[in-house]
Structure formats: structure tokens, C-alpha cells
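Two complexes come next, and they have one chain in common, chain A, joined by chain B in the first and chain C in the second.
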Partner chain A sequence: MYSRARGKKLFLKFLFYIVITTIVVLWAFPILWIILSSLKTDNQIISQNLIFIFKPTIANYYKIFTSHNFNRFLVNSSLVALGTTVIVFLSAFPASYSMSRYKTGGDTMNLGILVTRIAPPAAVLMPFFIIFRYLSLINTLWALILVNISLNLSFALLLLRSFIDEIPVSIEEAAEIEGASLFQRLVLLIFPLARSGIITTSIFTFIFTWNEYLFAMVLCSSQKVKTLPVAAGDFVTAYAIEWGPVFASGTLILLPILVLTFFVQKYIVKGLTIGAVK
Partner chain B sequence: MNKGNTKYYLILPAAVLLIGTTVIPIFYMIYTSLFRLDPVVFNRAWPFVGFQNYIDLITKDPMFWSSLWRTLTFLIYTVTPQIIVGLFLAVLLYREFKGKRFVQTILLFPILATPIVVAMVWKYFFDFDTGFLNLFLKKIGFNPQPWLSTRGLPLFANIPFIGQWLVDKFNLTYAFRTIAFVNFWQWTPFCFLVLYSGMTSLSSEIYEAAKIDSASSWQTFRYITFPLLQRVIWAVVFIRVIDCLKVYAQIWVLFGNAEITRVINIHLYTLGFTTSDYGMTSALGVIIIMLISLLVGITIKLGGKKDVQ
Partner chain C sequence: MKKITSILLLLAITSLVFAAGSKEATQGEEGGKTITILCVTSPETNALKVLAKKFKELNPGYDVVFNEQGRLGYFTNVTTQLVGGTDAFDLIQDNTTYMTELAAAGTLEPWDKYLNNPKLTDLKAYDLADLPIKLKYKGKIYCIPTDLSSQVYYYRKDIISKPADTWDELIALAKKNTGTAATKYGTILTAMTGGPEAPKIFDVVLWSFGGDVIDKDGNVVINSEATKKASGIYRALKPYMPEDVTTYNYPKVFDAMKSGLVAQAVPFWNAAWNNIKLTDSKFKDKYGITLVPGVRQKDGSIRRTPQTHGWGLVMNAKSHNKLAAWKFLVYATSKEGFEIRGKNGGSIFRPSILNDPKNSNDPYFSVMAKTYSLAKMEPLVPYYTKMHEILNQMVADILTTNKPIEDILARTEKDLKNLKAKYE
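Now for the complex of A and B:
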């Protein structure tokens, strides 16, 4: 009897690790494969054999940077993502403080935030297109920054407010008695205390803007203002797909996200779960 | 801490941005939906047509209803397996084991990966001739599968008499399964993550008690985890429904505006930038926002949760 129970336990353990391995392969392998393939030659990529071991080449990267203008797109993507993140932070930080402490805006503000959170971006594609055409903002990076502010501001307000809600008011009252002005309290007290919230919000705004495709495709299609996802998308929607550049550009786009996921994991988990678990 | 107008000054920049980049565009869209508006009349006076754009959409555009229905089936095919598998993963990974942190890190990455890059990889994996999956299948002695084809899935298409009808009506095609799968791949880890952190916030004492009463793992799940997690599960469903209705890039990269995978967002893009009917596109945008508000209202009512964010 004893050995039978033990056998069953061993078998279950074996089964458990099989399932775990399947999970890891299913979710890690595609990502790994993009990176691997970006270092292959075109012939190796479309070979009828699966090639795991090969001599890596940076030819695909060389190609997208020299003949496909990717240095320009990289700069564009970074400018839009950083610009949006800075503006969203500068406006959301004081606003979420005000909303947290004084309930400013009340239900109107909450409703507005909820509507922008649920509305699909595609639904508001048309008005942005028409308005920006009148303002001559089509094919400018400002158009994308404005759109991404619209797509991220409400989430940033929600996220930051829930972090500021957790900071006890008593700390501030003490500072007020000492004679600290509101500005001083915001910069010297709330800012460091809400640090993890600020980092989380900024990471999310950055990544969402970095990933944005639809508006970038419609509003910024000229070579000068194209962003990375649009440039990469052009490779795949073309009639004959060049897989080498596809994988190289894919790896390039995923790189900052990979780095953030591994180094600031704590903030990412917090940002993803805070809305739902609370 | 009463500083009179200070609280309004603090909120002002965000309020201006929110009004300028969200409220005004939405109201402007309602306004333009009442006109005939296309590239020809763009720089002239737009003819006022009242609700004609809405009427045309509902009565004359066959793709309107079919893409709405397709969006609904997409929602069901993606959200259901995501929640079930997400729950399974959360329960599975709740216990302690070697390499747990590693598995969690692996599962975190897809959530934030760029949707179009994810679609690009799967487009390659599913490619008929040179894709990884078919090469692998051939290697282990199976027939390659037409993953990206518009044909019906044999399992349903081969049902006598009603097979083809089922395929057409419920989008049971290879292509549709592929877009559902890509969405599943990217978002199941999110469901896992939220449900997992929901589970870790439950008290561990209750599990100890269950262990002492020698409850089986199924009983523990059925009578402890599931009921206690219900609120979190509803929140995940809510978030997933909203986000599935936002999907655009993945489907676009995989199949463009092919009819077989044309959900409402893809139809809107086609109407706006292939047909170039700006007025009708605005009307469709208004309808989408109204329908989603309705759907969200229903979800919140069903879940009995009023403070979902």
C-alpha cells in the first residue's frame, strides 16, 4: 500500500511538471523564436527544415536600419512615447491628488473617466482624423501625442489616485502645521511617497503608447513621422512578406518591453492587478 | 486643508486635456454623423442629412449586422477560454514549486507585448508552407493544416445538412479560430495574473482548514476558491469584454479587412478609409459607443459590482 501511494504521488508530480513545461513552451517559445529568427538569413527562415542551430547574422538589423529608415522610426516612436508619458504624468499627478483629497470633479469626472476607459479607440478614429485634418496636424508627431494622451490619461488618473488614496492624510497635516505650502507638500512629500504609483503609471503609459498601431497607421503614414509598429506592420501586410526584416523589427519593438518586464516586474504586476482585485 | 480654488487649479490641466482630447472628439463625432461627409465635399459645405447615415447603416449595409454578430461571437470564443484557462493556471500555480517565479515571469511578458508583433509571429507560425507548426507536424508525421484559410473547420463542416450553415452562422472557420487563438495567447496570462493575485489575497487559514478536513482539491476549488473569487472573476470578465471590443491591430495584421474576420472595428476602418464615407463612419462610431455602454451596463448589473474600474 505504501509504495502504491508513493507511486501515485510521483506520477502526479510528473504530470504537474509536464503541464508546467507545456505552459512555459507555449508562452515563451514564440517570443524566443522571433529573437532567434531575427538573427537568421532569409533562406534559413523559409527553409523546409526547422533550424535551431545556426551562425547568427545581424544582416536583418543592418537592412532595416540602412535601407528601411528604421533609425528615423525608432526616434519617432521614442519621441511619441516619452512625450505622451511626460505630459500624462505632469497633468495626472496634481489632478489625481486633487481627486483623492478633495473629491474634485466628483461623479462627472468619474463618469468621463469610465467612458474613455471603455470606448474602443477605433470608434473615435474618425473625429480625430477630421479635426486633425482641419488643424493640419496629420503626419505630425503631435497628432499621435494628443491621441495617446486621450487613450491613457483616464487610466493614469485612476491608477495614480488609488496610490495616493493609500497615503495617510495625517502625514500631510503634520507638514501643514510646520508651514509647508501645498506646492511643497506635493513635491517634497506626496511625490516621493507615491513613487511606486508614479513609476507604474509612467511604465504603462509608455508601453501602451509604444504599442499603439491603429492611430499611428491612419494619422502618421508618411516616411518622416512613421512609428515602429506601423513600419513593421508594412512588412507583414505587403503582398510578399520578407520575414527577415519582420523578425528584426519585431525584436526591436519588443526589446524595451522585455527589459521593463524583467527589471521592474513588481510595478507591472501591481499596475495590472490593482484595478481588478481592489 | 481648505484652500478654496486650489483643488480646481490642480485638476485643470488634466481636465483641459480630457475635454480637448476626448469629450470634444466624441461630440464632434455625433455632429459629423448628421452630415453627408466624404473627401469630395470635405472642403465645402456639408449637406445636412439628419439621421440618414444611421438609417443607411442599419438598413442598407449588410456588413453592419454581420460584423456586429461576428464581434459578439469573437467575444464569446475569446473571453470564455481565457477565463477558464486563466483560472486553471491560477489554481495550478498557487502551490509552491521550484521555478515558480520563472513561470510567472514568462507569463507576464505576453500581456505587454506589442499586439502587432504577436500577430506577426503567429502569422509566421501558422504559415502553410514555411510556418513552424506545419513543419513540426510534418516532422512528427502528421498532415499540415491550413491554419490561415477561410474554410470551415472540418469538425463542424462535416456535420451532415447543417454543417455549412453552422460554419457560416457561427464563424467556425480556420481563420476565425486563429484570431481567437492569438487573442487567447496574449490575454490568458492576464486573466491568470489577476485571478492569482485575487487568490493570494484570500486568507490562507481557510485552506489550512480545508486541508485538515481532508477536502479533495476539487472540493477545495468548488466550495472555497470559486465562491470567494467570484467578485474578482467578474472583474476580469468585465475588463476582458471591454478589451476584446478594442481589438484591431492583431486581426488587421493577420487578415486585413477580409470579410471572414471583419469585426466591427475593422468594418469601421474599412468604411472610413476604403469606402471613405466619413459621415457614415462617424455614425458607426456613435453606435459602437452606445452599444458598449449598454453591454457594460449589463455586465455590471450581472456581476452586481458597481465600483469596477
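Now for the complex of A and C:
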């Protein structure tokens, strides 16, 4: 009787892992496919047969770095993503604290923040272009940083606010009694306590900015300020798709995010589940 | 430690400010010698780059900067740049089919005053008569294409000994070569909806039956017997093409050719002839090229009606370097310019070069000379893009539904008439 129950339990566990493994493989397959294809020749990529065993080549990587200046694009993408993330954090952290503790702006503010996310990016493309043209910011990385700040700030504000809401006010009150100023409370108390929220927000801001395509394509068309996603799109030429370089540049775009996500995944999970269980 | 971290952070932010603020070399003033071009990644652009090298050798002090971008979103970018009033580019590479809208918006510089100024253009050497296509809007020239696209017929020489002359013969060949050991699909055409390709390819079939979308007087004439026949050809070819044929654009059809998936690609773009030679496909030398099929007439002749459009450089009305830009434009479209580009991946359409006996060993030249002589352009109307949206829907309905053709055409006619009325 005991062994039968145990057998059933083991079977269910086995089944559970099979299902989980299948889901993980299905989800990871496109990423694996991109990475594998980046090491194939053009003919192997477009072959009608799925090729898993092959002699890897770095020719696609060699091409994107030697003939397409990907070093520069990598630096540009990093500058834009880091710049946006730093500025979004510096703006969103005090603002979300203010909204959480002092209810700044009330419910209208929340609605106002949400409204900035409603318009599809393509609809605001032309207004942004005209504004930046007047400011002589076309073909500068600042244009992209400013656009990405406006695209990500609302999300960062709302997410950070929910983290700060979770921190008991009594801790702050105790610190205040001890003589801590507002700035000290913010930096020495709230900042460490909201660390997982700050990391989550920063990671998402970084990822969204790193992958942004539409504005980068239009506002920064010149070679000197091109970012990685736009540069990867260059291989989708007027008549053909250069699959090898597309996959190599895709891998290059993916890898930093994958590595970053691997190291901070616990914060991301926490960020996504905050408020789910009270 | 904290101090060092703070200093490093400060340094990082400062360097970010300077790096992010760095801007592409500023444009010269009126008469500057740096020409900046926004262009799409393509063999034609590679050919233009070779030409630019020669141009710089011939004109010391001049520079040509190419800002290349992939096909994805390229036209969105071109329109946004021009309508947004950019001065970051002097010349912009564009498809001729979109130029009327951009010219109507006042974003393009007409060529006439440069062309007719003897100090700027040696008209005799330029030989305007040898350039059959000139893009005009309200009587002014806005572009002479650098490259001309049209449709030809590609077939696998190793399995098809005699290519089809008519659409009915094409259907028979497609049937015969579907699901064989050599090829999976009997034929393929570009039917991807959402872009300009599907309506253009449909035109090739439609025109051969004597039909049209809009006649020369501007009337909507899509709902005709000719369109019914053309639609019938599409439906007859459907079983011999990939099921998801409405997702096939140029790159996808080209990949199908490269991988030997299809026995024929027709009507398909002439650029594929040179492009496939540049690949390492094992099928690259197995394709033959000939004229698109058509409809046999009572006198026995075949009415073949390829469509044509071009790629060309347009001058930005806000450019600060118009004279330098013009110098490059004239060189790019001169006979010498065509020959240099033609040898390096560009498509030649000057009849004097196509018919030159020295090129007779390559079938491409004679096929293209004949194709260009037969080809015509779509009507250049200000509602061109919206017209294509409606035609795309029509092609999708023909290929993916079982709706009666009459119903599809009646709705298409109604939509086109409504669209046209908005612009009257």
C-alpha cells in the first residue's frame, strides 16, 4: 500500500518535471536557435532540415565586427541604456517616495502617469522628431536617452511606488525620532529597503531601452550613433535577409540581457510578484 | 571606498554626457562638399558606394557619407525624416512609387533648375533621351531612378526545358513540378500583404488580360472581366504554392529559390538574377531567366505586361548642400555611373548599355531590354499607399478565402471609389 502511494507520488513528480521541462524547452528553443544559427553558414541556416550537429563558424561575428562597426553600436547601446536607467532611477526614486508617503498628486497623478503609456509609440514619433530637430538633437544619443526616459519613467514610478508602499512607515518614524533628516531617511533607510524594487525597475528600464527599435531607427539614423537593434535590422536588406549576421547580432543583443537576468533573477521575480500575496 | 565609488560614478556620468552629446559631423553650408545619403541596405547601395569612391577621385575635396539602414521600417523613417523637416540628409534613396506623396508634401527638391543649367549639367553628355523613366509631379522632375525594378520569370533549367509563355502553361508546369523529388512547390510569387509587392505582382497578371486598377482618366476600373480572369489564375496556382504564400515577400521568395524549394518564381523581381549569383547557394547557376508569361492574342502574339518601378535618389528640399548633391546625382545617373554601378550589383536600364553587343553573352541584358520596353508603371496617385492597402486586402481574399471573386471585386471597387473621392 505504502509503495503504491509512493509510486504514484513519484510518477506525478516525474510527470510534473516532464511538463516543466517541455515548457522550458519550448520557451528556450527560439533563444537556443538564435545562438546556434549565429554559428552556422547561410546555407545551413536556410536548409529545409533542422541541423543540430554542425561545424561551428565565427564568420558571422567576424563580419559584424569588421565590416559593420558593431563595437561602436555596442558602445552606443550601452550608453543609451545606462544613461536612461541612471536618469530614470534618479527621477523615479524620489518621485515615487513622494507619491507613496505624501500622496503627491493624488489619484489624478496615477491616472496622468498611466496616460503617458496609452499612446502607441508610432503615434508620437513625428512630434518627438520635430521637437528634437528644433533642439538640434537629431542624430545624438541624447535624443534617444530623453525618449527612453519618457517611455520608461511612468512604469518605473508605478513599480517603485508599490515597493515603497510595502515598507512600514513606522520604521521611518523611528528614524525621524532619532533625528534622521528626510534625505538621510531616503538614502540610508528607504534606498536599502527598496533595493529589490530599485534593481527590478532598473533592469526593466535597461532591457526596454536596450531593445528599443522605432525611435532609435528614426532619431539616430547616422552610423555614428546607431544602436544594436537598428544595426541588426540592417541585415534585413532590400532584397534578402542576411541570416547569419542577423543571428550573430541577435545573440550579441541577447547575451548581456541573459547574463544580467541570470544574476538578478531573484529580484525580478520579487518585483513581478510584489503585492500578489499580502 | 565610498569616495572612490562616488568619483567613478561622477566620471561615468560626465563621460556619458559628453559621449551622448557627440553628433555626426555637421552639414556644410550652401555649397558644402560633404554629401550625406540616407539609404537602404541593398546591392544597389553597395554599387552606389563603389560609384562614390570614383566620384571622390574625380572630384577632390568632395565626400559622400552613407547612412545605411535595413528594410525594416525604412520607409517610415524616410517619411518621418522628410515630413519632419530634417536637414541631416542631402539625398535620400527611395522607391519611386512613394515619391509623388513626398513631392506633394513639398519635401523634395525638383531637378529641373539644375538639369537645365548648362553650368551644372552637360545635357548632351548626360543624354536624357537614353533615360526612359523620369519621375514627374506637376510637370517637374523629382527623380531619375538609379535602378529600375521589374519582373521576370525564373525557372529551374535542370527540370524545366521550356518555360511557360502563357499563364495557362505556367499552371500546367506548376502542377507538374509540385511535390517532386527535385522541388516541393511548382511555383511561387510575392503575395505578402501589407506592402507594395503583392499589388504590383497582381498588376502583371491583370494588365496582361487588358485590365487595370485605375484607367488613364483616373476612373476605378478594378471590377472587370480581366480582374476576374487574373484572380482565377491566382486561385489556379494556389495549390502549387506554399500554403502561407501571403507571407512571401522578396526575401522569402529569394530564400525559397536559394534553397531549391521552388521550380519557378514568377513574376519575380529582376534583382534576384544578380543577387543569387552573389550567394553560395548550390542552385545559383540552375536558374534560367526569361520574360514573364502573358496572354495569347488572336494573332498568336503574347501580351506580356511587366510592371516597373525604380529606386532612386531624391534631393531633400531642406538640404544645405544642394549643388554638391546635384553633382553626385548627375554622375550616378550618367552613362559612366550606370556602367560602374551595373558592374557592382546595380541594375542597368539605359537602353544604350542593355543593347550593347558586348553584353550579349549574359541573357539578363537582352531579357531586361525587352522587359523594360514592355513594362509600365502604376498610376502615381497621391493616395498610392492607401490604394495598396485595399489591393492587398483583395489579393489576400483571393488567395486565402473561398469568397466569390465577384464579391471581392465589388468590395474592392467600392473601397477604391471611396478612397479616390476623399482626394477629389
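What we mean here is this: the second predicted complex is superposed on the first by the 232 of 278 C-alpha atoms of A that agree within 3 Å, B and C clash if a C-alpha of one lies under 4 Å from a C-alpha of the other, contacts with A are read in each partner's own complex, and residues count from 1 in each chain.
Convention: contacts are C-beta pairs under 8 Å (C-beta built on N, C-alpha and C of every residue); 3 or more make two chains touch, one makes a residue touch a chain.
Quantities reported herein were computed from a predicted structural model and do not represent experimental measurements.
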Chain A as common anchor, with chain B and chain C clashing or fitting: clash
Which superposed partner A:I130 touches (first chain B, second chain C, both, neither): both
Touching partner for A:S221 - first (chain B), second (chain C), both, neither: second
Contacts of A:A238 with chain B and chain C, given as first, second, both or neither: second
Touching partner for A:A119 - first (chain B), second (chain C), both, neither: first
Partner chain(s) touched by A:N49 [first = chain B, second = chain C, both, neither]: first
Partner chain(s) touched by A:V264 [first = chain B, second = chain C, both, neither]: neither
Partner chain in contact with A:I149 - chain B first, chain C second, else both or neither: first
Touching partner for A:I20 - first (chain B), second (chain C), both, neither: first
Partner, of chain C and chain B, that touches more residues belonging to chain A: B
Which superposed partner A:T140 touches (first chain B, second chain C, both, neither): second
Intersection of chain A interface sets (partners chain B, chain C): 46-48, 122, 125-126, 129-130, 133, 213-214, 218, 232-233, 235-237, 241
Partner chain A, residues of chain B touching it in the complex: 1, 3, 6-8, 10-15, 17-18, 20-26, 28-29, 32, 37, 42, 89, 92, 97, 99, 102-103, 105-125, 129-130, 132, 135-136, 139, 185, 189-190, 193-194, 197-198, 201, 232, 235-236, 239, 242, 245-246, 248-249, 252-253, 256, 265, 268-269, 272-273, 278, 281-282, 284-286, 288-289, 292-293, 296, 309
Contacting residues of chain C [partner chain A, same complex]: 12-13, 16, 19-24, 36, 38, 40-45, 66-73, 76-77, 80-81, 83-86, 88-89, 184, 250-251, 254-255, 258-259, 261, 269, 271-272, 275, 279-282, 311
Chain A residues touching chain C - in the complex, by the definition given at the top: 41-43, 46-48, 75, 79-80, 82-83, 86, 122, 125-126, 129-130, 133, 136, 138-142, 145, 213-214, 217-218, 221-225, 230, 232-241
Of all residues in chain A, those that touch chain B in their complex: 16, 19-20, 23-24, 26-28, 30-31, 33-34, 37, 45-50, 87, 90-92, 94-99, 101-102, 104-105, 109, 112-131, 133, 146-147, 149-150, 153-154, 157-158, 169, 172-173, 176, 182, 207, 210-211, 213-214, 218, 229, 232-233, 235-237, 241, 243, 246-247, 250, 253-254, 257-258, 260-262, 265, 268-269, 272-273, 275-278
